[in-house]
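Encoded as structure tokens, the structure appears first; notes follow it.
Every chain is named by a letter (A, B, C and D) in the order it is written, and numbering of its residues begins at 1.
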Amino acid sequence: MADIAVEGLAHVYREGSVRALDGVDLRIVAGERVALIGQNGSGKTTLVRHFNGLLRPTEGRVTVDGGDAGSLTVAHLASRVGLVFQDPDRQIFSGAVRSEVEFGPRNLGRRGAELAAAVTAALDATGLSGEERTNPYDLGQSRRKLLALASVLAMRTPVLVLDEPTTGQDARGVERVRAVVASATAEGRTVIAISHDMRFVAETFERVVVMRAGRVVLDGTPTEAFAEANREVLRSTFLEPPLSATVGHRLGLGSTPTDASLLDGLRAKLAGG
Amino acid sequence: MSLELAGVGYRYAGAGQPSLLDIDLELPEATVVGLAGASESGKTTLCLVASGLAPRTVGGRIRGTIRLDGEDVDAWPMHRLAERIGIGFQNPATQLSQVADTVFEEVAFGPMNVGLPRDEVIQRTWDALDALRIADLAERDPRRLSGGQQQLVATAGLLAMRPTHLVLDEPTAQLDPAGTRLVADAIARLAAAGASILVAEQKTDLLAEVASRVVVLDAGRIVRDGPADEVLADPALPELGVAPPSAVRLRRAASAAGIDEAVLGTLDG
Amino acid sequence: MAGSDHLSELHVTGRDVPAFVGRPGPSAFHRLNPLTKATLATVTAVAAVVLGGLIGPAILVAVAVIGPAIAAGVLGRLVRTALLLSLPIAISAFLVNLFFLPGAETVLLRIGPITATAEGLAFALEILARIVAISGAVTLFYLTTRPSDLVVDLERRGVSPRVAFVASASVQTVPAMVERAGQITAAQRARGLDTEGSVWRRVRGILPIVGPVILGSIAEVEERTMALEARGFTRPGRRTLLWAPSDSTAQGLMRRGLLLGLLALIVLRITGVWP
Amino acid sequence: MLVRWIAAVVGFVVVVAVGIVMAGGIPQSGEADPVTFAFQAVADVLALVLGVALLVGIVIYLVLERIQTGTNASVTSQFTTRTLILMPIAIALNIILGQTVAAALKVPIYLDSIGTILVGVLAGPLAGAATGFLANVLWAYVIPPPFQYPPAAAFAIVAAVIGLLAGTAGGLGLLRPRVGRPTGQLVIGGAITALVIGVLAYVGYLGYTAILGPTNLTPSSDNAIFVVLGWIALALVVVTVVGLFALLVLRRDLTSTYVVVTGMVTGIVAALISAPIAAGVFGGVTGAGTDFLVAAFRQGGADIGAATLGQGLISDPIDKITTFFVVYLVISAMARRTTARFPQGERLLDQEAAVTDEPGEWRGATT
């Protein structure tokens, strides 16, 4: 239901400055889980800001559900594409956790029981249900970040875009984010995440898009993206495949981006050998 | 040359419960001690207490003793401690002084504050820039650098004070892999050159790489303390909110699946 | 402190402050001591107000603003900036005085119920002359002086390092806060805040944007405080300065002369002796 | 100690005397000075002189303290590192909001003292005064366009006095939350709030009628711009008033009454001090939205001094009530631990049971 299509997209922030995006073609089908990886400044954030109209293409075209994102208003696109920014302190303004989470869905016109249900579900998913009346600034940084996630989750948009969702989270926090991604997918929503955490990427997403200098340089399943053949491409953008991929290659098991896939490979090899 | 915490407890102003209890910790010369633990387990608080910022800057109440080279520092003012212990934080941007137009002036800020002779300030600034291999950034505007570069500039600002101890609170949390690499290499190099470093990190892969000893905190108490490879291989880590390093996880998964972990071979690098 | 020296691997001796720190300005006027330029700007602005009328401010602008601007090679930018700065005030001055000066009788023009008067025009011009003089004087200072030059110079003269810190940090904070406001606007629009359209919608958008600007900045105060104190900020007494703008006895005399002149002008004006 | 106080008082008196003598000589821009408004002009100048004298007295006290003791103990307690970090934020807020609201939106209020009042309330009167003063000086001299605003420097003295008043209000604990008060107190508070707002409305009404005549009460009718601006101003006022009463009723927070009273006092003082500056230096115009009010008064026949004072007495109390209200909201949204660590922070938090100290071993910072 919510396909995103990017064709020949280029973006230049200021006249004469570098091309932050330099010809991106990408098609994301409804319900996909896509990770965007690459160095800072490679254009990941610039790309996703085109999905909800915060940035307009300098060249090329972005369509969401067939509608041209370049001409739809941000307010309209916000009901289709929810974008969680990296720094929660750039959006929190309410005196209480619950009203902060209500802000987005209210803007989309949700009221009454529908609003309450969406907010409660989002707070549950992020583990903030006991904190409804807490002042957000009395929460620690990592929980403020989960609050920002909840505040967009509650908008129940068909597409969810997360910018660095695991930064500053401990092991439990990363598990929560992973669970949020999983349940959003189960509801048929599209999830796109920018991340530097290769293990989180390999274990949580079904597709990995690697960007470098404003272009897509790799696009495939984690198995394809983290294959040995692509090691140099990844290294050129200062990324390293997860350890399991390296070990798998050394043991001649092909591409094994996750621990589970590595063990499967080993078992198959041991059984066969 | 060591920083010693003995029986240290700390409670924030207005807090009912102490955030740290019964901390015994020694930071010897030329070692990196890793600090692990879940969010709100007391890692940041321990960094603040070890560096002297708590209670001097953040208020609150403390007990126990902190010794620097055997000397009790209880009565030292913050600016005196600042010449011996440097502390870095996770957000590179908030560590910039906001008054420097160039990286050179940013790094010189600390030595200027403590009123060192001008030549000494200049010498130390160049030395610190060289130690982190960022002398080529000297002329740049610190606000216009990448996060990783800013973190190195902030660290150079600490080094310019020539501290005997460095405390780093999640120095790579907000950095991309390239920035993390820069900072990790710098930590390893500084320790090799004799520095004593306490580094709090969620990224246990990084601790496995740079730390020789690891301390794990839970609810304000030290619950594990030992050689890095032993502590990081502790099966109870996940219950303490700490993700084991990739290599440990992989070995454990292999043995759980009935596969001899030796098959995996060496897992370093 | 034997161990401390291990922290830096290299010891290259005899290196000085790099040339880019405190680099002198392009013209002789730029290179005047910042306090001299600040004195000139302030005296010009105050004198224009004290003198009043049209001719006084006009002479002041020619001598103390246009002349130095040509010498410094910034005339073009000065005219553009000063006009930009005085435009809103000038428009107000004309609107308020040209049309609404009480007691004015000589009607120049009648637009509906509003009348423009000759007395109003004269008075508006007088106000305009002052505003142009003030804007010009301040703009000349701004265009030829880096804020850090002034702050360093004041600190060298004994102004508290803390005041110097606040001044420098404020200069950096203004653009940083504008940037922050831009990021926040993006984040809130992504949450469905509609900032386009009717006045009411814009008014409703103020809180979700201004709120995080203030609260987010305050949330960083704690970290900044710790980072600063960890770098010896609280040590009492003077700091070491790496450089300072040059000054000379002649400039010191000039500053005193300017201030004495201004004082004399004020006394003359108040006692009604001149003009 | 005594010497310092005596010197400060002497300085204050001298400045007042000189100011009053000078006041006779302040040029009225060659304009006829209607007798009706003469006493107002004197009152204006008096407030300005008193403001300057107050600051001079403070400076004398501090200088002597420095000479006698080598430090400024009374100052340093307000200027902690935390205060010094907050000040640039406050100054930037003043400048950005002031420039946007006054110059761009053309609304007849200023909103250029939120930072000043915030620092004053959190850190103390001198910190507030320093913030206001520095903000206006920097605004004029070193902040690059489009935020540069040369006239600001002339009003630095006003900003300093606002900071002084805000600091005193914060130190007296006027902005401490008073949530969940009994209905009786709330009714009294509501009555006072309504009275103050009523008085303000009445003053505004009187101002208009005195100057424009009772039949001319709607100056807007002949000029569309007055109508629009009037409505925006009215909207802001209504939002503030509604917000204050909402606090009073929903949170049962009596502090909204304190906010109104403090804001009004600060506003009246600011108006009295700033009017002669605006009139004498800029002929009553500053390029901001308030100019339209001045124009309205002048259209009704008031001279410059009266028109700027009239404008000030309408704009300033509304502006300061709004600003104190915003600052109160900001402080209640701040993390408790952040507020508590500022010099006057403890006086802005509702008192809770003090944490019982375990005996002996726990100690605070010893330096």
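Note that contacts are C-beta pairs under 8 Å (C-beta built on N, C-alpha and C of every residue); 3 or more make two chains touch, one makes a residue touch a chain.
Because the structure is a prediction, the values reported are computed rather than measured.
Shared contact partners of subunit A and subunit D are B, C. Taking A-B and B-D together, the pair of chains sharing more C-beta contacts is A-B.
Each chain gets a centre from the mean of its Cα atoms; for subunit A and subunit B, those two points are 30 Å apart. Distance between chain centres (mean CA atoms), subunit A to subunit C: 44 Å. Each chain gets one centre point, the mean of its Cα atoms, and the points for subunit C and subunit D are 22 Å apart.
Annotation for subunit B: residues touching 2 or more other chains are 56-58, 77-78, 98. For subunit C, residues touching at least two other chains, in rising order: 165, 169, 172-173, 176, 211, 215, 219-220, 222, 224-225, 228-229, 233-234. Counting partners per residue, subunit A has 93-94, 137 as the residues that reach two or more other chains.
Chain contacts in this assembly form a complete graph, since each chain touches every other chain. Those residues of subunit D lying in contact with subunit C across their complex are 22, 25-27, 29-32, 71, 79, 81-82, 84-89, 91-93, 95-97, 103, 114, 130, 134-135, 138, 140-151, 153, 222-223, 232, 235, 239, 280-288, 291, 294-295, 298-299, 301-303, 330, 333-335, 337-338, 341. Here subunit D touches subunit A in the complex through residues 329, 332-338, going by the rule given at the top.
Per the touch definition, subunit A reaches subunit C in the complex via residues 49, 52, 54, 73-75, 78-79, 82-83, 85, 87, 89-94, 103-104, 107-108, 137, 151-152, 155. Across the complex, subunit D meets subunit B through its residues 81, 88, 336-337, 340-341, 352, 355, 357, 361-367. By the touch rule above, subunit C contacts subunit D in their complex via residues 38, 41, 45, 49, 52, 81, 84-86, 88-93, 95-97, 99-103, 112-114, 123, 126-127, 130-131, 134-135, 138-139, 141-142, 145, 147, 150, 162-163, 165-167, 169-174, 176-178, 181, 199, 203, 210-211, 213-215, 217-219, 221-222, 224-225, 228-229, 233-234, 236, 269-272.
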